[in-house]
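Data block below; observations after.
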Amino acid sequence: MFSEFLQYLFTGITIGATYALIALGFTLIYNASHVINFAQGEFLMVGGMATVSLTAMGVPMLLAVVLAVILAGVLGIALQRLAIAPAKNADVVTLIIITIGASIFIRGLAQLVWGKEYHVMANFSSDEPIQVFGAVLNTQSLWVLGVGAILVAVLVYFFTRTLTGKAILATSMNKDAARLVGIRTQVVLMLAFMVSALLGSIAGIVVAPITFTSYDIGIILGLKGFVAAAIGGLGSGMGAVVGGLALGVVEAMAAGYLSSDYKDAVAFSMILLVLFFLPRGLFGAKVVERV
Amino acid sequence: MTALVEVNNLSKAFGGVHAVEDVSFSVEAGQVYSVIGPNGAGKTTLFNLITGLYTPTSGDVKLNGESTVRLQPNELAERGMCRTFQQMQICMNMTAMENVMLGRHLTLKSNLLTTLFRLPALTRDEKAAREKATELMEFVGCGEYLNAEASAMSYGALKRLEIARALAAEPKIVLLDEPAAGLNAVETAALEELIRKIAAQGITVMLVEHDMKLVMGISDRLLVLNYGRVLAEGTPEQIRSNPDVIAAYLGG
Amino acid sequence: MAQLSQFRLKGLLILAIVIFAVPLFITNPFHYGLATQIALIAGAVVGLNLLVGFAGQISLGHAGFFGLGAYFSAITTSTYGWSAIPALVVGAIGVAIIAWVVGRPILRLKGHYLSMATLAVGFIIAIILNNEREITGGPDGMPVVPFDVFGWELSPFGQYTLFGMEISGDLAWYLFAGVILLVAVWLAQNLIDSPIGRALRSVHGSEVAASVVGVNTAKYKSLVFVISAVYASVMGALYAHYQGFVTPAIAGFDFSIILITMVVLGGMGSTIGVIIGAVVLELLPQLLADFQDMEMVLFGLILMLTMIFMPKGLLPTAANLLAKRRKKSAGGDV
Amino acid sequence: MFKTITRCASKFVAIAAVSLLAMNVHAADPIRIGSFLSVTGPASFLGDPELKTLQMYVEKINEKGGVLGRQLELVHYDDAGNASKARNFASRLIRSDRVDIIVGGSTTGATMAAVPMVEQARIPFISLAGAVVITTPVKEWVFKTPQSDYMAAVRILNDMKTQGLSKVGLISGTGGFGSSGREQTLKAVKEIGGIEVVGDETYSGSDTDMTAQLTNLRNVKGVDTILNFGFGQGPAIVTRNYDQLGIELPFYQSHGVASDGFLELAGDSAEGLRLPASPLLVPESLPESDPQKPVVEAYKSEYEERWDAKVSTFGAYAYDGLMLAVAAIEKAGTTDKAAVREALESIQGHVGVTGTFNMSADDHNGLKADSFRILEVRDGSWKLIN
């Protein structure tokens, strides 16, 4: 009984940690620009696919990872500079459609360059799973959780201790005020896209040995990340982390105890429940309306 | 006779900062009642509290004896309270006429059926609304803009248009938030005349204003706020001679 | 008033002329098929535009309502032998109730919460349609009987007589879909040019302004959300009858995104604009089909560039350009 | 629209040029073979090798002089796995491109969406999708090359019985293939008897971890084997989770994963699993006497040489479809649609890669369950069991 529960929990928090990292990416960009970036999943795909193809070309793993993350970061900057910045006076809905166009474009390119097949990435360490009270834990899950925790810690440090981080926070709270105190908001937006691309690509790399990777893996993972961000309260970093983990665990528990047919429906119902009863999400920021 | 608007011990805090603290006063029907004070004194916050845009931290507001702090702005409008804004809230995606007709919203009796199939009842209703709006636009001095897009109007005209919209709802009381801000002397004089005409129709007017000449000239009573608290309350004469007010305005 | 109603009729008139002129240029029944689908999808998009363009809210799950309408009609007519019109009406009422239950509490909140709620509802609908194999045929879909009115069937494969002329089923369906689209536009236009429409537009312009003159913004947003869902449901039902086959893909997230993209691409708030959006987005894959592997890249690129350089959408941008040019030439005369 | 116009124009110019060059040799019109396939999207692993196969063999046939002295022309569209698109493209093929026969439809959904159109237009259609509903009940103009999922279920269940297994834990994908496979397995269990399904779990095509479902199946009392019906990357994840959980029960999969790509994804964890498949995966293990051996070997080597990619059983469906079409046209001696249909229906003993086809008026598939071979994964490659 307990081992079953533990098994579902392991499954849930592993995938949940991935959702959390994607949700953090959504949150970052949403805070800086109020744009829901539907290309978020593509950062994840680029991370995984670039690492796989670089290692296949004989590049050492560590270097491949670094190059893949850099590639994703450049992509994030390019997305902001080339697609979002030129349309900065557009309606938020228009910006969202632009990110959808960008995601289709990136996916199309990936399909041309890397093909349509699924690819395997080896576990970072042993393939031998660990036994814990009758449940098994894939060593890669530990990597996902560990890297996730480190990234969250780095982000917390970045936003509370560094000037750049504070600038991003200030811009997200009040663009005009930030501009007045000399923060270049366009640069901040670019940083937000870059950091969110870095987060996404790292998530894509650590989770690839579990999920495989392909040109279209970003669609569903990106979407689940958005769901996690919505559950946590779009705009809250803490909410993104908790929302991601909660979504992962609920999915696994629903598949285990309720019905595997309807586990995704359970996950999506969570959004409705949260919106009905905790409209700002689990950790959504209180919004003060200015007239 | 009970007061039209009665404010009791009203407070509003944002985070730890008190924007309005323990404010009490009442407005009699038919008065022109002004709220003055330095920038950041909490005047607009007070208006937002009275018109239901903010929920107070503590205290109460009564309209015609009914507590209104739990009501939404549209429910207050149903009860006869309308307002304008310091930062104008004009629908720039519509024509000037449509903005004023919007003010007739509560008086229109259209349902989904008459709307979707554009039945005669709807067209009749709309015709009446348009006539009333035309009349009001002329009343506030926007007669030349009857066919204009809102986005094509001058700042001063838009300020008057907003007043016309508020009047279109046939309110018992209108709250005007800095109607003279940004207006030149001629326009301000016209505004003063307009406010007198509104008051003459028996509509209670509440005013937030910086222009002392205007305020002193038309107000029946004044409320002076400073740092969210009441500094003084009384007739223009009483306020003019109040030492605290003089200190705050001259010494501040 | 006279000016406004003249303008209203003008848009509708142009659309009617275009719709009835199209058969003169079509020689190929395949193109009728495309045109019919475009007309039906455009109808749903006109409804969605009421929500996006006039209530300023985004729905990321409208395909769910489209699919629900389609499947309700498909199941009741094909499995239970209902007549098409009662099936369509009952389905629409059901969809309206669902939209009301979801929209009412969420539209009290300010912000884009409806987009998240509709995303969830759309997915849940698609999941149910996919899983309930016994009823819906599961992921492989189910066949649908032709549309019927009082025992008279309209099938794209039939032959009909109209005003003494022999016309093919394809053409008949196209004309039917065209008329439906005209009715959809007429109703939408009536709504826009009414106090309700004014209230909705004011929400887009300044929600505070609307509320202080007594507009219950939450109520009207919910109302227009329900209306847009009903549009989707009705068009979905007709689409199912026309196609003769439905799969859960028509309730899927991808299709929801396509619908909202049609609105934004064509021009939010412009009824004729969003129809153009639907035409362009339906034809584009047909035109790009020859590019094979490049199709996806080109589609994404075109979508991105259009929105970057015409953020207001195709029709409003074109109208602006035209107005500017007119102004310039008028200035030249002086 | 512009594109279409230029395309038409360039076609016209090309035709004009050809007719000028071949003034005295009157070139016969080509035979037009239409196809709509899921070349992109979630079912691209079906459509991609299918398209490659069609392109390659149309070329080869044309090099050898074509069919009935006429060249073949392939007109193909990508439906991206979307049924509505498939219907539109089928319509375009029939009405705009005026093809003589259609070989296509990678998925059951795409095929079924096109069927009403095809039946109405009365044009022969050879589907490449698996589900039993495509040809049962028989539709006059619709044929198909893959064995049905019902046959696969029967083949698997029979093999289980011979292994003495009787309590099946079933896990399936919620996509068209898995969902239909699940239904046919439940049906086959009833008809075969002596075997039962004791657990029934599903996963969606985009799931990234199926540990929870497998844990449930393992915990079902008395379960002695597990069967996974699905395709795409999902079954590979199931296989890896199966291995990680250390489940020791005999493991069966469906023909949906009968490809070398699957072995690459699943790696060591696939060791020991069994599935029904076409002999294409094990040509060298076929006895010399097997009539399929030369066909299978030729297809495999030609495909791998041309595309520098592993051959897949799905591509073979397209191979069989094209060859059946060609055989029928040759047999009919014309491209008259009714005659070709008649010819298709009367094809007997046509040796293909998937099996030997014996069509008839009540069987538009023409294959038997035993055309499936049971394979087992040993040392990272396929071994023929029977």
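Note that the chains are named A, B, C and D in the order they appear, and that numbering of residues resets to 1 at the start of each chain.
The rule is simple: a residue touches a chain if its C-beta (ideal position, glycine included) is under 8 Å from a C-beta of that chain, and two chains touch if they have at least 3 such contacts.
Predicted model, so just to flag it, every value in this text is computed and none were measured.
Engineer: In this assembly, which chains make contact with chain C and also with chain D?
Structural biologist: Where chain C and chain D share a partner, that partner set is A.
Engineer: Measuring centre to centre, with centres taken as mean CA positions, what chain is farthest from chain D?
Structural biologist: B
Engineer: Pick the pair with more C-beta contacts: A-D or A-C?
Structural biologist: Per the contact counts, A-C leads.
Engineer: Using mean Cα positions, find the chain sitting nearest the overall protein centre.
Structural biologist: Closest to the centre of all protein C-alpha atoms: chain C.
Engineer: Which whole number of Å gives the spacing of the CA centres of chain A and chain B?
Structural biologist: Computed from C-alpha means, the inter-chain centre distance equals 47 Å.
Engineer: CA centre of chain A versus CA centre of chain D: separation in Å?
Structural biologist: 36
Engineer: Would you kindly tell me how far, in whole Å, the mean C-alpha position of chain C lies from that of chain A?
Structural biologist: Chain centroid spacing, chain A to chain C, equals 32 Å.
Engineer: Which whole number of Å gives the spacing of the CA centres of chain B and chain D?
Structural biologist: Roughly 73 Å separates the two chain centres.
Engineer: Hunt down the residues of chain C that sit against at least two other chains at once, touch-wise.
Structural biologist: Residues 131, 208, 293, 295-296.
Engineer: Would you give the residues of chain A that are in contact with at least 2 other chains, written as numbers and ranges?
Structural biologist: Touching at least two other chains: 111, 261, 264, 289, 291.
Engineer: Scan chain B for residues touching two or more other chains and write them down.
Structural biologist: Touching at least two other chains: 53, 85, 89.
Engineer: Using the touch definition up top, name the residues of chain C that touch chain B in the complex.
Structural biologist: 1, 187, 190-191, 194-199, 201-202, 204-206, 208-217, 223, 269
Engineer: In their complex, what parts of chain A are in touch with chain D?
Structural biologist: Against chain D, chain A makes touches at 4, 7-8, 10-11, 14-15, 111, 116-118, 120, 127, 129, 136, 138, 207, 210-212, 214, 216, 219-221, 252-253, 255-256, 260-261, 264.
Engineer: Any idea which chain B residues touch chain C in the complex?
Structural biologist: Residue positions touching the partner: 51, 53, 72-74, 76-78, 82-83, 85, 89-94, 98-99, 101-106, 108, 110, 112, 115-118, 122, 125-127, 129-130, 165-166, 168-169.
Engineer: Please name which positions on chain C make contact with chain D in the complex.
Structural biologist: Touching chain D: residues 28-31, 33-34, 37, 130-131, 133, 138-141, 143, 157, 243-245, 247, 249-250, 283, 285-290, 292-293, 295-296 of chain C.
Engineer: Which part of chain A faces chain C closely enough to touch in the complex?
Structural biologist: Those in contact with chain C are residues 36, 83, 86-87, 89-94, 96-98, 100-109, 111-112, 223, 226-227, 230, 234, 261-262, 264-265, 268-269, 271-272, 275-276, 279, 287, 289, 291.
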